[in-house]
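Pasting a structure below so you can have a look.
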């Protein structure tokens, strides 16, 4: 349970922003933002969260503390104005295809999401490390018993999570921008995706994000005043019927 | 008169493994019955099925003529079914008295009262004190349960199980981890229980089994392989081979 | 209550009654704020400390009540009692609906569901502009006149808050000491055993959840009158977690712990924001420090030191 996960998204966006401004390279922005935040995540796991395994309340409070610290530091460093990352010229253009305008950057985002999804799936399902992760999620003690280095693995997974959140932040910074408060704005989306899909289920996350994306967009278009309600209420309904989410185990 | 507890053709499998296989049991009211069998024979699984923590894959469970197969544990408890746990399952950060109070009020409507302090329910306290006394924990009432010794916690397990005035009591290895003298005291306590109480006990210590139980069921690989009084069970060659053979 | 505890208890109550007239306005308003958040924190402790349920969306009930007061008082000029009753009722009713969804979940799922349900309420406060005024919030909530006394100035309003606080404390004290209260502690300790003893664990948790929502609503209604202004901040996740911090800091599973925790956090936030712009950073460090240094809260640490 990490309430600072939205902060990773925010920090990724900001670090990417600075890198892009200094180097004029979007690719470097993607890389630096994700790697810097992965290191932050690694440090949090190693020095703080590791001793709080299975204690969800201390985890909540600790990560909220980090979220506040990150929020204030970001405000101190980057100020309160919203920024957009300058995206490469070839991604900034749009073409008209029949009646619709197709924005290249949107296609790029879809491409990145798809690529990350495929790589992650291959990693989890087809590699030894992925198998170890799944084993550890099922039964950490047993995994330790068969020689899996559980502390190393959790650190790695945590850093990977931070890396991906930050990657999302940099990509998102070219589209929705980065601004104070973004951290707590994206956090519930991430939670809802996981809740709808079910913890520990890869299919769940894919289906969950599709559901959330559709609900959010149609909600905003059809009932602008109730848009969050149209996002969260169906989630509550799903949970009422299936408390562990659509694809959750147990 | 109808049987106190009937287990009819009850099976339970986990994945491909059948832990309990078509077990039949019938206990008359007031009967003292023991289940024995080697580790992994499915004894505790059978208890969890009877108590309602697990749902059977097949078969029926009937308590005093009422089919309880689909009822959750708390509803079975309300019908007079109580149990102890093999590993102490107490309330470690509450006092011994509070532990027993929870058991005493568990089968009464008092448990939902929230407009009066619990101290004002004198009869609950009297019964709790009486129960602590009867399991040999008089004077320990105000101690936090986590500070009690293992033996004392086993005694408290019994007090919790009989606190709700059950009609059927399931005891899961009541003497596990007790010294011989503690064990003897527990046996004396069990023999003093009201004669109308139906007792089903899982136990490894054969001396304890022969002292408490009139009838014995032998479970092996999830199946009943012998059932009868102590002499019949002792005489069964199958039992001797599987169970006593290792001694 | 035993005589040993009655003496310090009455001393505290007498102090709370006697001191306010001698306080300058600013400390007095801080004390009022502490009382309101103490009610809020105690209500959460009924879940967290007694039942063992860590809710991440408790600000929802506080906020719903605050909004109910704000809307009724500014649009319909409803009287204090109508507003108060409607606010507590609204908070209780929403808790009754949310509890239905949330209580089935256990562990991390409970955390996530309460978080998401809290976000439902936040989303409505933020986006349902025609009713809630969105991000601008609702201002101009006038304090009422009760029994011929205007509560507009700090002192009479403080005494109103104190009266509500005493009532809430007495009621919660009764609940946690009742047979039902003991059953909640049993559930916190060992749910499985409680089932075996004949308790419908779902029902007990649900009732605790609804009760806690109602008391949070009481605090929220007071807050609307205290601040005269209600905004989505009141229902935000940050507020929910801050209340968890109050309880964790003071010591869960007691009624005095949350009061102490509320006092520390309210004073800390207010005083810190006078001296530094970086109070959020320092508050974040406090969260981290609390977890790293005092896992059992202030009361726990004191108790540990005495042994």
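Labels A, B and C are assigned to the chains in the order they are written; within every chain, residues are numbered from 1.
In this text, a contact is a pair of C-beta atoms (placed from the backbone, for glycine too) under 8 Å apart; a residue touches a chain by one contact, two chains touch by 3 or more.
Note that the structure is predicted; figures quoted are calculated from it, not measured.
Asker: Once the contact rule is applied, which chains count as partners of both subunit B and subunit C?
Answerer: none
Asker: Looking across all chain pairs, point out the one with the most C-beta pairs in contact.
Answerer: Among the chain pairs, A-C has the highest number of C-beta contacts.
Asker: Find the geometric centre of each of subunit B and subunit C from their Cα atoms only, then give the gap between the two centres in Å, rounded to an integer.
Answerer: Between these chains, centre-to-centre, one finds 42 Å.
Asker: Could you work out how far the Cα centre of subunit A sits from that of subunit C, in whole Å?
Answerer: 31
Asker: Measuring centre to centre with CA averages, how many angstrom lie between subunit A and subunit B?
Answerer: 49
Asker: Under the definition above, what is the set of subunit B residues touching subunit C in their complex?
Answerer: Against subunit C, subunit B makes touches at 51-53, 72-74, 77-78, 82-83, 85, 89-94, 98, 101-103, 105-107, 110-119, 121, 124, 160, 163-164.
Asker: Give the list of subunit C residues in touch with subunit B in this complex.
Answerer: Contacts found on subunit C: 174-175, 177-183, 185-186, 189-190, 192-201, 203-204, 207.
Asker: Hey, which residues of subunit A end up touching subunit C in the complex?
Answerer: 1, 3, 48, 52, 56-58, 60-62, 64-73, 75-76, 184, 187-188, 191-192, 194-195, 199, 224-229, 231-233, 235-236, 239-240, 243-244
Asker: Residues of subunit C touching subunit A in their complex?
Answerer: Interface residues on subunit C, with respect to subunit A: 48, 54, 56, 98, 100-101, 104-105, 107-109, 111-113, 115-117, 119-120, 122-124, 126-130, 236-238, 241, 244-245, 248, 278, 280-281, 283-292, 295.
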